[in-house]
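If you scroll down you'll find the structure; I have some questions about it.
Should a chain be cited, it is by its letter among A, B and C, assigned in written order, with residues numbered from 1 in that chain.
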Amino acid sequence: MEAAGNPFADPGLPPHEHRQQDIDERAARRSERTIALLFTVSMLATVAFIASYVAFPVDRIIYVFPLGHISALNFSLGLTLGIALFTIGAGAVHWARTLMSDVEVADERHPIEAAPEVKAKVLEDFAAGAAESGFGRRKLARNTLFGALTLVPLAGLVLLRDLGPLPQDKLRHTKWGKGKRLMNYNTMLALRPEDIAVGSLTFAMPEGMKESDHDFQTQIAKAALMLVRLQPENIKDKRELDWSHDGIVAFSKICTHVGCPINLYEQQTHHVLCPCHQSTFDLSDGGRVIFGPAGHALPQLRIGVNKDGYLEAKGDFAEPVGPAFWERG
Amino acid sequence: MKKLSARRRHPLAALVVLLFALAVTGGLYAAFSPSEAKADDSSAQSLAIEEGKKLYAVGCASCHGTGGQGTTDGPSLVGVGSAAVDFQVSTGRMPAQQPGAQVPKKKNIYSNAQIEQLSAYIASLGPGPVTPTKEQFDPAGGNVAEGGELFRTNCAQCHNFVGKGGALTNGKYAPSLEGVSPKHLYEAMQTGPQNMPSFPDTVMPEEKKKDIIAYLDTVNSDKTETPGGMEIGGLGPVSEGLFGWVFGMGAMIVLTIWVAARTAKAKKS
Amino acid sequence: MSTATETQRGRKAPAGERVADWADGRLGVYSLAKANMRKIFPDHWSFMLGEVALYSFIIIILTGVYLTLFFHPSMEEVVYHGPYVPMQGVRMSEAFASTLDISFEVRGGLLIRQIHHWAALIFLAAMLVHMMRVFFTGAFRKPREINWLFGFLLFFLGMLTGFTGYSLPDDLLSGTGLRFIEGVFLSIPVVGTYISMFVFGGEFPGMDLIPRLYPVHVLLLPGIMLGLLVAHLILVFYHKHTQYPGPGKTEKNVVGMPLLPVYMAKAGGFFFLVFGVIAILSAVATINPIWAIGPYRPDQVSTGAQPDWYMGFAEGLVRVMPGWEINAWGHTLVLGVFIPIVLFPLVLFAIGVYPFIESWITGDKREHHILDRPRNAPTRTAFGVAWLTAYLVMLVGGGNDLWATSFHLSINSITWFVRIGFFAGPVLAFIVTKRICLGLQRRDKDKVLHGRETGIIKRLPHGEFIEVHQPLSQEDLHKLTQHEQPEPYEVGPAEDENGVRRKIKGSQKLRAKLSKGYYGEDNVIPKPTAEEYKEITSGHGHH
């Protein structure tokens, strides 16, 4: 009715056109042969998969250009499995596209919303059910039920308490302490001031820690230390100078942002960069933050030399190492 | 790059390096008595120093000062030792095109003999790290696993877990260690070129350096095994994500188009 | 019942039918099949993107079950003595050691690991692309808002599941990620340290985290996702699929091919295609070579420490945030970490709740089954592009160190670029996209009124050159004009007919303003009317 006057009216579904395969049996046969070929390739690939599983030892390395020196087993298993799967898919899709009917069909839609009489019936049923339950009338029963349901999840919550210990002052202490010697990471030998050259970078852990300790990971996560040597006249921060020994300064290796080991030390600028989020600290200026998301300076460890000539800590870090937290203050 | 490293790893190349290293260091290696060595070939040595001084005056003095004392454009070379000279000059970093925080490596313009002479001259300015010998830096015999631990503790923070390099502040970077010769690796650790900190023998003993070189030789060389297939840069999740999007998701989209497309219609007669 | 009697009457039904009869008597499969067996699905490549996600999810579950057979989720330390030389004698957790075993000792274990990981990357990528298709075509409108939410939750949970899975091998890279998570917990005001202690079972890293993450990764999160996925698919069936506008397609029908056989063959076949591609990818390209990365130690790190791509957006937020920290009254507010971590879900939820915001603004309460062409909804399209821009800028921020080394830039400049780009980029993208959309609308209008440019130049008798325009077919005319152009929502006059001032709520004013942003004169090119068309086509010649 409208269509007559409307140049933009919907012309309706276009008429179906035949494919070559619909009208020419030879073309259809060709498609069928292609499909069968694909499925056959899949079968062969599965056989090849099993054969490579048996044939290649797990540690055989072969050179395949341009992939490099790769595992023969991984390569052959992956390739054969991939081909076996892919050709099944390709065959099925080719079948659907060339041999199955491609006539487009229109299906009717029905509104999701229920008819008014259905809705009325549901509301009526609900009202009847609600009235019969007395949920609105028996307020005492209802309210105590609410109370009980609110309280009962607390049981589950309480059970979570033993997931871990309370924080207490755990984050404030490390294994460092007065008189603990600085042990070289690389050799596990105690360090002397003369070992540390200007421009070098050395990592140290407190005397008495062993990799095989049960809590080694937890302790090193706080105690890791880096040592650099500056010319004393290059140290800008007064406290840093006081806490150093002959230009050797010891800073926590744990970033104050979120705790990555921070040790991309540039020996000419005396900056250290964190590889995780690029916080940058100036080791010649009290470990001050000069770039990035860290919120406070790197903690410095006060060091000196004991009577045997070894570097030692003069105490624990004066402040918590690593990321900031609410109670840090 | 690959070709260069391949040539460097040629068995003969190692021999050349060995001979050259022996010639440069002569008897200077710590195992020998320095005084003895000096006595042995002091005249050859002083000749080399003379030649080195001339080369220095032409190529280096404008930045490092006429006596190697340093200027505003370049640091003092007193006490940097022959190892530093060998590293900087034979990787082409020195002479630099312009002074700056990061001097990239480029083609080396000096002959081995000239580098030897330059090294001798700089070494004469003050004692410093000595060019290593093959037995110091040869990866053979190093403990690969120990080297890996040391590498992850001391090096990976800048150079990435298999030495692919990484960014530093303000455009500076830690270069990739792909194709860097064992000798240069050793010298870099010893001398700390540019912004790299040094790892002297007092904190990183000789055999530990060898372990690190052995580790790199295993995980970042032409013969490195990557069992899972192509390494995709060895840079971690960023390159994997990019690869997954381009090739994985790309292939998926091509497939969706093929699956959903209609088959060609027969031509109307 | 009738089928059963027929069988008794002598004719022996085929075996398949008898099985179906048996099932029907217990499950009612015939009624189910009647409604669904020949259900119509429209054919379009963009409708198959969700299937890529679905199939990669199935692949992840299959390979994941295999991996659980060999993986030991334990942080007990062992010394490695397996075949991989560069790790021999190195201390590592059992989790890491068993991942090495899967890679080097279990035949095919490496392949399954790589398929699992590649499929995870593609799963997340496919979900994002699918979500964007749904967004830009307006397929989220009534009655599909809830299904959009299900899909959005799947995307969000997919990120969490991916992150927990990435953490399980306890390698240097993923351990660094967990250290970051510790920092995130610690940054939460008041309860942060308690949450951290409870999650890690004490101080970081402790011995409990991997064993705790394991059930979350293999049971809890995938379980929830499986439930959401089933609900998502049921709703797709229930609502019937949307379709692009075109001849014969209306709000009251769905045009396409029946589930049996065409769609079943295509969709079933597509599963194998997806699986095949991922298997081949895993044969040729390494992913997450944990043996090269090394076991986790809290005092070691590698440059280029990044999460998988789908967390890159969060990583970017954390990297470019300034280091704000407030110390007062003996307490520390760690805004430098806390703000980005709050922003991360907020930015995602902005797109998650979008359908409800749009339906409130437009006041449109009707069902929509014909998709919008993105140009015909310029404000929505512009919002989507702006959101994507913010997402991409942060993704760049998350990889700032690698951008710096690859393109010889300074990390510091990239960080500043991202800081500014996060705010300026979306605004710019919004404006540009909207203009492009309006331009395309204008072009559609020209096409309808003046026909398609043929590229043929004709010289008229009096010497003028003109390009020959070919009128559009009826199909194209319909397609370019079928969309609606509603009027914007009006608050109405400030005084009612009796001259009494009406109370106008602030929300109404806001809604009217926003509605103008969708349908106001500046935001829409009026589509050609039948009269315009007739006037131009009949009065040929005088331009």
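Throughout what follows, contacts are C-beta pairs under 8 Å (C-beta built on N, C-alpha and C of every residue); 3 or more make two chains touch, one makes a residue touch a chain.
All of these numbers come straight from a predicted model, not from anything done at the bench.
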Between B-C and A-C, the pair joined by more C-beta contacts: A-C
Central chain (by mean CA position): A
Intercentroid distance (Cα basis), subunit B paired with subunit A, Å: 33
Centre distance in Å when subunit A and subunit C are each reduced to the mean of their C-alpha atoms: 18
Whole-Å gap between the CA centroids of subunit B and subunit C: 44
Contacts with two or more other chains, residues of subunit B listed in rising order: 153, 157-158, 166, 168-169, 174, 226-231, 259, 261-262
Two or more partner chains touched - positions in subunit C: 104, 110, 114, 266, 269-270, 273-274, 277-278, 281-284, 297, 299-305, 400-401, 411-412
Where subunit A touches two or more other chains at once, by residue number: 67, 71, 74-75, 78, 93, 97, 102, 203, 261, 263-264, 273, 275, 278, 291
Residue ranges of subunit A in contact with subunit C within the complex: 5-14, 53, 58-59, 67, 71, 73-79, 81-93, 95-97, 100-109, 111-112, 160, 163-167, 170-171, 203, 205, 211-212, 217-218, 220-222, 224, 253-254, 257-264, 273, 275-279, 289, 291-296, 322-329
In the complex, subunit C residues that touch subunit A: 39-40, 77, 83, 91, 104-108, 110-111, 114-115, 143, 176, 179-180, 182-184, 186-194, 196-206, 208, 238-240, 247-248, 250-258, 261-263, 265-266, 268-284, 297-305, 318-325, 327, 330-337, 367, 369, 400-401, 411-412, 415, 448, 474-475, 477-478, 481-482, 530, 533-534, 537
Subunit B - residues contacting subunit A, complex: 101, 150, 153-154, 157-158, 166, 168-169, 172, 174, 192, 194-200, 202-205, 208, 223-231, 258-259, 261-266, 268
Touching residues (chain side subunit C, partner subunit B) in the complex: 43-49, 51-52, 85-90, 103-104, 110, 114, 118, 121-122, 125-126, 129, 172-173, 266, 269-270, 273-274, 277-278, 281-289, 292-294, 297, 299-310, 312, 398-402, 404-405, 408-413
Subunit A residues within the subunit B interface of the complex: 17-24, 61, 66-71, 74-75, 78, 93, 97-98, 102, 184-187, 191, 194-197, 199-203, 228, 261, 263-269, 271, 273, 275, 278, 280, 291
